[in-house]
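I'd like to ask some things about the structure below.
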Amino acid sequence: MARDFNTQGRHEPNVPSNTLTYFFKEALRRIWTAKRTSFVAVTMISISLCVLGSFLLLSENLQRAVEQWQGRSRVTVYLSAEVTNDELKGVNAFLAAHPDLSSRHFVGRDEALQRFTTYFTNLAEVTGNLEENPFPPSWEIEVRPEIAQTRAFDAEMDDLRKVPGVDQVQLDWEWTRRLRHIIDLLNVIGIAAGGVLAIAAAFTIANVIRLTMMLYHEEIEIMRLVGATERMIRGPFFIEGVLQGTIGGCVAVAILAAGFFAGQKTLAPSSSLLWGFLFGSFLPWQKILVLILGGTAAGWFGSWLSVHERAEE
Amino acid sequence: MINFYHVTKRFDRYSTALHDLTFQIDKGEFVFLTGPSGAGKSTLLKLILRQITPTEGQVVVNGRNLNTMKHSLLPYFRREIGMVFQDFKLIERMTVFENLSFILTVLNVPPKEHKRKAYAALRAVDLHHKLNAYPLQLSGGEQQRVAIARALINDPLVLVADEPTGNLDPDMSRDIIRIFADANLRGSTVLLATHDRELIRESGRRVITLEHGRISEEKMQIAERAAPRSEHVFGMAQ
Amino acid sequence: MARDFNTQGRHEPNVPSNTLTYFFKEALRRIWTAKRTSFVAVTMISISLCVLGSFLLLSENLQRAVEQWQGRSRVTVYLSAEVTNDELKGVNAFLAAHPDLSSRHFVGRDEALQRFTTYFTNLAEVTGNLEENPFPPSWEIEVRPEIAQTRAFDAEMDDLRKVPGVDQVQLDWEWTRRLRHIIDLLNVIGIAAGGVLAIAAAFTIANVIRLTMMLYHEEIEIMRLVGATERMIRGPFFIEGVLQGTIGGCVAVAILAAGFFAGQKTLAPSSSLLWGFLFGSFLPWQKILVLILGGTAAGWFGSWLSVHERAEE
Amino acid sequence: MINFYHVTKRFDRYSTALHDLTFQIDKGEFVFLTGPSGAGKSTLLKLILRQITPTEGQVVVNGRNLNTMKHSLLPYFRREIGMVFQDFKLIERMTVFENLSFILTVLNVPPKEHKRKAYAALRAVDLHHKLNAYPLQLSGGEQQRVAIARALINDPLVLVADEPTGNLDPDMSRDIIRIFADANLRGSTVLLATHDRELIRESGRRVITLEHGRISEEKMQIAERAAPRSEHVFGMAQ
């Protein structure tokens, strides 16, 4: 019998072409042999990712809902009552020069008067008595609130106030501020919950894999004793972790999708605005990918953590 | 091949498992290690495999000083040693074949040879019919024989066996010793810890006797031929 | 030597007074011996409970914040311009008879006119020209929104409209509806996240204990073989699970408290309204108890699940 | 005390571990069970402890038919049997003392007696100095002796030992057999599986020999006195 391992054994050999095959075969065999442990690991990973994913889904749809609300943020530019045509043109030119202010609506004197009488029906007699329409024309401009909050926008408004013919610039501050608070709150909740959940998920996975490694402690010890390199020992664990993580990610996406589309079907038609908002659209494919790859990464990280830790003993 | 220079191993303050041990085993030798329970035999063998490191002194195996050997070279060193552990150390989640195949993978034997080599090794210990059993489905002696097959599978430079016949009947034991002797003839240096005085007596080999962690006796055993005791006797004794 | 176990052994003995002591001693010994596994289990439990607890804390403070906002929900009762003193008294009597409407403010004609001129400065000339104050008096009533949303309240408002002298009842519907949506949203988020997290926590704990049991599989097998009853085997596991769960609960509360009070100290003084809201007050002791007992229950449930499962094999 | 009626045990379609076994061991007997590796000795002992159930036939131990015994009575039945397992089955996370104390708790021995009883049992197997060691800190033979101490600790009705001297030197082995003989004198029925022909030869006891799952021989061994082979001999042989 040729002493064939002897010369090879003395130096680190290149990874044979079949090593990766061995890793995968071994990893699959293990997942299959330890079905139960694998099941636990996959379950844990998919639970973690489900929680994260539900949050992503929620924030995705909330974001959209909030954007719709925010779309109502408005600036009213009251022109002076005696505004001249030239001044009007100047204001128009100013507005046209600022793309932020492109979504605007001109309210003429007559429209203003009409609105007033509609709003304050009990003042009809007052307006009816007027000889001349005292209401100035105005521009109503819809501004996206993320712009409305910037200093640049404040400066712009100051400029606008100096344009001849402009009497007053009314920012819808009250409503904007409230929305602002709500958005801030949601963001804080988002960051806090997302952060806590992400950390929890990582810990969970690492701990599961660590426990799994404890289960395999003896086996690993034996492998070391018969001359397996750390790479040979860890390889299958890595692949196992990565596979489990990826499967967990896929399961999580599947569960989320099932829940979402079921919800959309049963709740959305009842069509309270709320449900419409919440079941607006599923995650975009980038985020789906992030979830699945998150599972993969978690599996990888978990394996790395626990294998690494063991090796130090 | 195996050199111990003033080796002492203490596990804790109260007990010294090995005490200033110095001896040498040359290439191609076949040596028995014996001594009462707790004398330090397993500790000595663990030092050779560098499962543990000595408290004092130097262990040199295959020309390598195990005290100074780089940690990253440990696996390659261990591949040159075939070890039969006292508690077998089979991988429970793998079948007998997978256990052997794993070792062959570690030794970089091409996968297509695994089947043949595993079968041959099991055949030698009369277990070829248990190829697909899991270790927990084997009897004590069968597990021990798998461990022996694993140690022998690719003719290691050094063959170290800790009580390899503790769970085997005398006939089987003699057979196993014959297998070790064959490996020895093919070039392996063999060190074999055992309690079985009969085996030692029949062998005519060098014997190191430990007692309380010290070498109490070192001699050549003059071979005694044992009379066959049952119809199962085969191997060396015939 | 007396064959003392023999007679006792044949029948189920009563639990000796020292059995519970044994359970506790044994459980503590195990937690100590398997420090690492225990650490993992406690960590997992406290992570789960931390996540749940942060959510409780958030919703606790949000709830309060939302209540404050909701406090602004208002009903404006415009009286007719020519309202008589008798009619005024009748309206007052109606309002006084409804405790929901107790938080109210009367806006007289003069105040109404003044407000108008302040709001619409550019209409000053209009109002300056008025011979007579055309603005009707009104009642502004703050209504708690949970009341404002009820049908009973709608009926009440309808009654109010019929009171002589009442011209118009304006419900601040727009704002209320928006708030309503936000609250609904937060509740849905709350229920969804809380539910998912609770399930995740239970699964996590059960799985951790299941894995731990796998680690102890051999040991349990041995105990069975030497004649230990299921009770003797399971007892320490139960106590162990319960202790770990309780410790996990306490750790979770400690972490939450530390995070909360640290946040309160560093963020609240910067005193944006938002941080003031979020770090308003810590959990009430009932909820703290719920968290800790949740850990205990989780530990118990996890032990029960896994010990039970094992016994069936 | 132990009765087997036409017991067959098949683990899978291919292998029959025990084949239509019928025999009886009376109260107070001391019987050796022997046979080559894989003959079915451990399987037979596992049937007695009801670790496994027979495929066919009846096993009756201490007057209880194990096939029909209620599951809830199993622990109480097992407490009457002291078993030395081939793989020791010590609880790794407990020290030697805790292992013994646990058994005593199971047997409802008051805690204040644990220390004394454990010490006495360990003393008998010459291991009283390892009271606080963990099993993994013991040598193979030491672990085996802890397992023996555990089986003997409270004079069980039936004492069953699977290869209890596999990891012990011949002197220690003889000593252990003497301990079993003492327990036998105190009233325990003893069934002892072993490969050690010398021990059987010296004992002068009844021997059941298994081969391929069948009883191949059943006889009384006429005691041969063994000559002391080293200065360590004590116990029965003196």
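Should a chain be cited, it is by its letter among A, B, C and D, assigned in written order, with residues numbered from 1 in that chain.
FYI, a contact is a pair of C-beta atoms (placed from the backbone, for glycine too) under 8 Å apart; a residue touches a chain by one contact, two chains touch by 3 or more.
Computed from a prediction, not measured in an experiment: that's the story for all the values here.
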Request  = Could you work out which chain's C-alpha centre is the most distant one from the centre of chain D?
outcome  = A
Whole-Å separation of chain centres (CA-atom averages), chain A against chain D = 66
Remark   = Chain-centre distance (mean CA atoms) for chain A and chain B, in whole Å, is 61
Task = Provide the C-alpha centroid distance between chain B and chain D, rounded to the nearest whole angstrom.
result = 27
Query = Hey, how far is the Cα centre of chain A from the one of chain C, in Å?
reply = 24
Request  = Mind pulling the residue numbers of chain A that touch at least two other chains?
outcome  = none
Residue numbers of chain D (touch at least two other chains) = none
Request  = Draw the chains as points, connect those that touch, then say whether the picture is a line, ring, star, complete or other.
outcome  = ring
Inquiry  = Under the stated touch criterion, can you name all the chain pairs that qualify?
reply    = A-B, A-C, B-D, C-D
Ask   = Can you list the residues on chain C that touch chain A in the complex?
value = 36-37, 40, 43-44, 47-48, 50-51, 54-55, 58, 62, 65, 69, 78, 80-81, 121-123, 125-126, 130, 134-136, 167-168, 178, 181-182, 184-185, 188-189, 192-193, 196-197, 199-200, 203-204, 207-208, 210-212, 214-215, 273-274, 277-278
Message = Touching residues of chain C toward chain D in the complex: what are they?
response = 1, 3-6, 8-13, 16, 18, 22, 29-30, 33-34, 218-219, 221-230, 232
Ask   = Any idea which chain D residues touch chain C in the complex?
value = 49, 51, 72, 75-81, 83, 85, 89-93, 98, 102-103, 105-109, 111, 150, 154-155, 157, 186-187
Note = The answer for chain D against chain B in the complex is residues 11, 34-38, 41-43, 86-87, 137-142, 144-145, 162-163, 166-173, 195, 197-198, 229, 232
